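The block underneath contains the structure these notes are about, expressed in structure tokens.
So that you can tell them apart, the chains are marked A, B, C, D, E and F in the order they are listed, and the count of residues begins at 1 in each.
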């Protein structure tokens, strides 16, 4: 299949409910390099997602199975930073903050507007959050 | 395991009922690059396939799970082309042709006999089928 | 390095002259999965590109070497299709058209506007071009 | 996630009961190269293993499913070799020895002590075992 | 590009002088999985090989560079085995045998004719050669 | 080649002067998955490194080429942290600190001794360094 199709396929699948989409390189008989597409969705979207894959790609069949998940409770919070307000995805374990990650699109915007490498934007924001988190931990 | 074994292993597995065979590169502990072999088969062939893998390879165990599939109805049809009669695998959705693909071995033969790049053989055949498909769609 | 950085890095590198950018998965000592970034550019952009990579990523060094290329002569041509005018990148060998490919962004737009799978858009456009090409070949 | 973390993560996971750990390169939306971590464990260790992954890595969720296994009966046996006594993992099928493999750490030690390439150590040990195995087969 | 083309492409390239051909999975902009084809050849075949790749594949350009090689002196020798005469590729270093490998197609034939796993065929042949090699070493 | 050999091979190669070692998955003719080993070294170690690879692995030849490098000036500095003194590799660009990274083995030790996920150790150390770096920047 034309590799150019994947970019649009990812978009389409997220639009109709995919929770996660990724590809892996596989090798089939007769020295054929191929791409395995994996999509995570909830059960009610399964039929829709499978149908979309069958329509958009060259495959003749889709395989699926039920998975269980252990997920961290997560919340989006707004934090003040020297770059302005930013949104952070925060994950909790046993009621305490376990990890957090700033939103990519926002870091990219900051990188462009402030002309700072995006790597540095992530670092700076992480340092600021780290201080904020400690306040939270002490405060509550 | 000696990578040369895979070619013959693929052959063997298809002979005893495998519907699909593919490999993926994985990385194990202690910096060991390895190869993960995946085989799709129907339930009655499971035991045979697992035994063959245990005999042919260096692995000490095989894991398996049940998968569901959504597959397109498919049919092999014969189409006249400027290269002679060719066989096409056609997939249907809701009673209409959704996609089709010429058979590899045949395209390879045509490529050799007519001295045309195999890429061009696929293109030419696809164009011819495309016209034929439209006749079908109008006709029926 | 945070994998989220690559998307923006690709953009940046093309902006400052990269002709091609791609990544490969590699495995380093101590079971470290890593990503090898490859960039193709002309010699006058080398310094700029290396500096950008050093700034944007976590790497401590960049390696480079001179490559030769054999490239097909190429031209962008406009072709009338049932979807409207479309741009095609055409490659020539010995003065004859050897291959051609429609532009991805345009196929994506058509896919969205006409609500047709992008795979089918590519196929349809390729069929139309194929007829056009034959006219050209006979005509000129 | 920082690739350096994997080495220690593998160690940790084996410590708390993992039977097998491996990684695969995957590609996510927005050109993000990523690493998929797979862990095999028995059911009673599932909760522990998932929790450890959530704590040690940047992931926000872990997916799991039940697998069946067909495994060869295996035994560790001691064999005399010109390098001294060595331990071999032997696998049986239908009561007969089907395959065997010397222990890596031991081969590495021999390679160091005797200053012989580890590839040769494996070969030499395999030849010796091969003779021993034949004695066994005749004997019993 | 259609992955089915690679099998025939490999054949073609070896026919016109390729010494080695391999593929790697790469990831390009806009989430495009792609395949990088690498071919090793001597300088006089460079033009032919590049032209063949441009004709057979969808690429618009081929890159090449000069490599140096350090290769072991090698010889094909015939060895008597319990499966009959077999051909072995032997490599020398400083006038001594450093390694050897039986020929794949022959091992495959033996595996088929004797109904023994190909893994075992390799092992058996390697053991026999190992004894033969020792005779050689003593003898000369 | 037996994948277990790589771990020891990495060790060996670093011992005799390799500056960087990594592997990549490749696919050769006849559906053979294989591993491409890449080693970076200075010219005077080339012969030694190639010889070691020829001895330790099953390969019959090694290819090499000259690469240029653009590297950041780097220094190892000692920083006080709440975990005690730690060593940091710091990279400079135009006389200013551009990036820094704590040493893996030390982070692993801290992770073990303080029973904190290694991911958190990296984060904490990075935050502390970030403050220290700022003092430096103001101070000097």
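Methods note: a residue touches a chain if its C-beta (ideal position, glycine included) is under 8 Å from a C-beta of that chain, and two chains touch if they have at least 3 such contacts.
In this text the structure is predicted, and so the values were computed from the model without any measurement.
If you take chain B and chain C together, the chains in touch with both are A, D, E, F.
Chain pairs A-C and C-E differ in how many C-beta pairs they share in contact, with the greater number at C-E.
Homomeric contact chain B/chain E is classed as same-residue, with over half of its interface positions used by both copies.
Superposition angle, chain D onto chain F, using Cα atoms only: 180 degrees, a multiple of 5 between 0 and 180. Comparing the centres of all chains, each the average of its CA atoms, the largest separation from chain C belongs to D.
Put simply, the C-alpha centre of chain A and that of chain D have 31 angstrom between them.
Taken residue by residue, chain B touches two or more other chains at 1-2, 4, 7, 10, 23-25, 27-31, 33-34, 55, 58, 65, 99, 104, 119, whereas all remaining positions touch fewer. Taken as a contact graph, the chains are fully connected, with every chain touching every other chain. Partner chain B is touched in their complex by these residues of chain C: 27, 29-31, 33, 99, 119, 123-124, 126-127, 130. Those residues of chain B whose C-beta lies close enough to touch chain E in the complex are 1-2, 4-5, 7-9, 55-58, 104, 107-108, 111, 117-119, 122. Those residues of chain E that touch chain A in the complex are listed here as 1-4, 6-7, 10, 23, 25, 28, 30-35. Within the complex formed with chain D, the residues of chain A that make contact are 10, 14, 20-25, 38, 40, 65-72, 74, 89, 91, 93, 98-99, 101, 104.
Remark: chain D residues 24-30, 34, 36, 47, 50-51, 54-55, 58, 60-65 touch chain A in the complex.
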